[in-house]
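In the two assemblies presented below, subunit A is common to both, partnered first by subunit B and then by subunit C.
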Partner chain A sequence: MERSLTVPARFTELAHIAEFIAQAGREAGLDERTLFHVQMAVDEACSNIIEHAYGGESDERIRLSWHCEGEKFVVTIQDWGEPFDPSAVPVPRLDVPLEEVPVGGLGLYIMRKLMDEVTFHFDEVEGNILRMVKRCPR
Partner chain B sequence: MSSVIPVVVKRVEDRGGAEREEGIWRVVPQGRLDARTVSALESALESALSQSPRLVVDMSEVPYISSGGLRALMAARRRARAQGGDLRLCGLNERVEEIFDLIGFAALFPIFGSLEEAVESFRQEG
Partner chain C sequence: MDISTTSYKRCELVEVAGRIDSASAPRFEEALQEVLERKRYNIVLDLSGLEYISSAGLRAMVSTQKVCKEHGGQLVLAAVPKAIQEVLDLTGLDALFTAYPDTVSAVGSF
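Right, the complex of A and B next:
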């Protein structure tokens, strides 16, 4: 069973990544709605890695892996780009008039809305490690 | 980037003389809107806005939209409103509509079930 995927940091890989997560979700028994949420959170995370951690498309790596812990579906995404500090990203307010909604920080906001846990860790050797958890009672 | 999805941009046909001169324009992205494809949507919205500030974005052929796509829609609606028009959405599939609700985007856009309803909303404004 394929439980990890390593791809170059290119936008063309996003569809490939979505398919990897779809297959993982099917193996883990996620329902379609839950799977859609996980796919979107992963898509946002990988887009952010390409755009911000690597400063654009490159041949640098993004590594994804998944496993289940009881009723938790856990996705880990690793990159070796610029260290990411989530506390430096302001939380966008969407309860204001359209003209006042900030353009930045939306990807991280969506990840946190859709997943039950989103944690970041940086290590000099292992790089940025993002762990996202979705509870999925089966 | 080898990455564009088709985005149809068409003028909605006039119905008598009540239309404003520039009319209502329909933008129909066809495919997944993610970081790879969002530039095609941005170009189409820009092209439509150069014709008229009254746009309906028909989302019925969009199975997925990322934050990049949402940002593009937000920027285009701001521009449409600044030009005295508006950008309205229709045809969101169940999953995409739920995402709009869940993240609070539903409050930022007028959303209609069908293209006809969205177009009619403009026509009623004269």
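Right, the complex of A and C next:
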């Protein structure tokens, strides 16, 4: 079973994307907590695409698709913006005094904490392809 | 996202409900900024109606806490939903905020 959604790169689409993932979760039989994790990771990923891959809101596309591979729920998010290098994003230090806590960099950190696999691939034609996997107890 | 602010003698109560994502985070940030501009540095953030908060919302909370603490005050949380608490725990940000089970105890702490 595979489903996909293509939306313009606008923050107002985030609620639409959340509903798409909620529907996906229902079809795939995800429990509430697992679904919340997936929704959050997807929201963070799409926000990053809008802000960083496309440098702000525009009518450029974001394509989301999902499918199940046995016990795995797989979400793929594709954009055609600036190539993304995850190794260039510093891991936020959260165990430091308040005044030193960085005010950014949380999105990717949250994605990696909530999902079981987060992989990025860039292709000249296909653009940035983000694949996120959540193992789902059903 | 719905947001409202009530002034008490010793603190401001900011109630936020719905979703805080990159679309609504600017409004959330503005509401907190408005409180700080009135030099009110003791803030209770009532999250009982919050369905979702993204890193954009968390950033606004951290920035606000920094300013509050610089001025001898603090931002505390009230009635944090379980799913939101999990995100705070996961990111380690739970250590930056004192949380109360309800707004009465949170307001009363000041």
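As a working rule, the second predicted complex is superposed on the first by the 136 of 138 C-alpha atoms of A that agree within 3 Å, B and C clash if a C-alpha of one lies under 4 Å from a C-alpha of the other, contacts with A are read in each partner's own complex, and residues count from 1 in each chain.
As a working rule, contacts are C-beta pairs under 8 Å (C-beta built on N, C-alpha and C of every residue); 3 or more make two chains touch, one makes a residue touch a chain.
Every value quoted in this text rests on a predicted model; they were computed, and no experiment measured them.
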_One more residue to check, A:47. First (subunit B), second (subunit C), both or neither?_
both
*Partner chain in contact with A:118 - subunit B first, subunit C second, else both or neither*: neither
*Just subunit B (first), just subunit C (second), both, or neither: which does A:12 touch?*
both
*Counting only touches as set out at the top, which of subunit B and subunit C does A:133 meet: first, second, both, neither?*
neither
_Quick check for you: in the superposed arrangement, does A:110 touch first (subunit B), second (subunit C), both or neither?_
both
*Overlap of subunit C and subunit B interfaces on subunit A (superposed complexes)*: 11-12, 14-15, 18, 33, 36, 39-40, 43-44, 47, 50-51, 94-95, 98-99, 101, 103, 106-107, 109-110, 113-114
_Complex contacts: residues of subunit A adjacent to subunit B_ = 11-12, 14-15, 18, 32-33, 36, 39-40, 43-44, 47, 50-51, 94-95, 98-99, 101, 103, 106-107, 109-110, 113-114
*asked:* Going by the contact rule set out above, which residues of subunit B touch subunit A in the complex?
replied: 1-3, 32, 34-36, 64, 66-68, 70-71, 74-75, 77-78, 81, 95, 98-99, 102-105, 107-108
*Over in the complex, which subunit C residues touch subunit A? Could you list them?*
19, 21-23, 52, 54-56, 58-59, 62-63, 65-66, 69-70, 83, 86-87, 90-93, 95-96
*asked:* Please output the residues of subunit A touching subunit C within their complex, sorted ascending.
replied: 11-12, 14-15, 18, 33, 36, 39-40, 43-44, 47, 50-51, 94-95, 98-99, 101, 103-104, 106-107, 109-110, 113-114
